[in-house]
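Would you mind keeping the following structure in view while I ask a few things?
Labels A, B and C are assigned to the chains in the order they are written; within every chain, residues are numbered from 1.
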């Protein structure tokens, strides 16, 4: 029983970071109908910026996270400016955007390698976060609480923003139909910027959080998380923000349990195996709309 | 002088190999399937062939044939459930397949050598073999294109509903093309396995898949010359950037982005796809609007 | 009765909206049968259910005595049911001839070996199909447009090409979904002549439209749909005199 609770705690803190990453990916799909394969690169750069703030500048985490938030948000907006915006104007096929965003991601990974090196770097021992408390044999690290707290805070803020603010309404209208949005006087271009900024900012923070959780940052962490993100959005249904939240937590828990009970070697394959099974049973994802509901 | 020849010989081999892969991808793209299973098929083909030749002493051609058939069989089994999925879900599910194959290759040490890969593979693949397979692949695609099946495929790529109403069995067509794509990729994998003395699990991952997709998309999907052209350009071009691995990636990325911005229609032509993009968007709006 | 196509109790819901409820109908052989009804009365849903695009929630469809409920579109086509679309769906990057040639798809015998080895049978079949399609285009006064891309055609010509494409299937039953939509008076008159000629070639026709005039002029019998239910059916003159129809439908129009 204790082991079970311990793994739930570990799974939730891991899954929360997956969720924060995947929300942006699914938002860009849901609002702009794009598969942004460079979302992982934003995540990786966010992790490096957070690390640089803490390790090189000696800043506290409370400043490193916002720094990564802003930097990654802007980096993500640059995708819209450089790739997706111009391609939309040219009415290019969406596969082109997918391929171009992957090219962009490769360039950004190489750039990170040049600047930060190819090896894995670690955080300096963060005294404040290394503590833990025990509750009935279950060990909960302060770090896990902080990570989970930040993740929940961000998701809550995003949900509030989408539901209650003008920008949120604009984003939801464009997601419903770009044409309707234009008729209602909403600028699709500005909404795209906002969507890319929010998505990137969340991914950047997720990068810092996962870097802290595993205490490892490398130029290649973006590709791994992108694959996790894809798993999460299929679990949750492409374009669904609540689906990504649930899907992220689910994947985190499943991964931790699979390492505990099956084999760590196949951890990465289990998520994908799950994707297969789920798509066979529900062709539009676990929480996605069914075909009939759309028609 | 010999070094120079060796270098160019290798480049020519790579152009043929990548062109074969490009036609494998083209078979799926030309029916509106964005398949990311190519890496998985390549990997499957390479490991199957190398395993059979090195551990069971089969001749190369038998190993390659077995590799191609194995990939075809997997494509059929994979296609049966996955082809029911709508566009993006299909793409992501095929990517999941490629990743599962990679993870299996990473861990099945007795067959794949695990993370270290397999060394000292005898080099059976030479330029002549590659040329023959390349010519056969082009002929296959050409014959298909210039037949009633080609017309059916072009029609269903354009608009599946009226094509089905005219009696085209969309599912069977797609499954057959997906299997043919698997066959070619499996064969290409076998050729790749015996080309460079070494294979490892990360040779056929997401990046290789994306490169493979980029060849026909950048070359132009509407022309039969597109895949080979795209493969040639994107095999030769990086050779000029050999001075720095990372600079090469950065410049490649930048050139790539520039290329699609300036030539969103591919090197040859991409007209048909622009039309379908518009329709897709229109339908997307209607679909969402209907709630 | 010698009904070629009949439906019994066809019901279809979309996310809570009932498009068709317990609708039954008959399409006799060799005649032009009309289904009319105001927009949103379930006409196109009916069409899509017959051609296998949608699956009815309840009810059965019979074609030539055979239960065809739930067959996929290409199987329906193979049985000899061809259709046109309300929002013309030609393949806009192909020529007229290529569009029509797709209609011969089901009549091909050439297999994969013929295709890959380019055996004579492939070429023979292709030549036969082409001359058949050119002949068809000639009969409907479209021969001069055979090599034209679809993009350059007028609206009325596109309608006719779509109907000819359906005829290339050599169907026993032709379904026409609002073929007169968006046509001017001259074009409508020409279309009516064309539809009669098709009927005279012993192809049964199911015509779905909200254009009362067109249906009354052409059809041998008419069924009226309203809110997914059958309101009335009978000869055109009976329908015109039916008070319920007048109230639900004609009253709205005039």
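Just so we're on the same page, contacts are C-beta pairs under 8 Å (C-beta built on N, C-alpha and C of every residue); 3 or more make two chains touch, one makes a residue touch a chain.
Since the model is a prediction, treat every value here as computed from it, not as a measurement.
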Chain whose average C-alpha position is farthest from chain C's own: A
Chain closest to the assembly centre - both centres taken as Cα means: B
Mean-CA-position distance for chain C and chain A (Å): 49
Cα-centroid distance, chain A relative to chain B, in whole angstrom: 29
Cα-centroid distance, chain B relative to chain C, in whole angstrom: 40
For chain C, residues that touch 2 or more chains besides their own: 15
Shared interface positions of chain A, touching two or more other chains: 295
Where chain B touches two or more other chains, by residue: 291
Residues of chain C that touch chain B when the two form their complex: 15, 51-53, 72-74, 76-78, 82-83, 85, 89-94, 98, 101-106, 108, 110, 115-116, 118, 122, 125-126, 129, 165-166, 169
Chain B residues within the chain C interface of the complex: 140, 143-144, 147-149, 151-152, 154-155, 158-159, 161-170, 271-272, 275, 291
Chain B-facing residues of chain A, complex: 29, 33, 35, 37, 82-83, 86-87, 90-96, 98-100, 102-111, 113-114, 175-180, 223, 227, 230-231, 233-234, 238, 265-266, 268-269, 272-273, 275-276, 279-280, 283-285, 294-295
Contacting residues of chain B [partner chain A, same complex]: 29, 34, 81-82, 84-86, 88-89, 91-93, 95-97, 99-100, 103-104, 106-107, 206-207, 210, 213-214, 217-218, 245-250, 252-254, 256-257, 260-261, 264-265, 270, 273-274, 276-278, 280-281, 284-285, 287-291
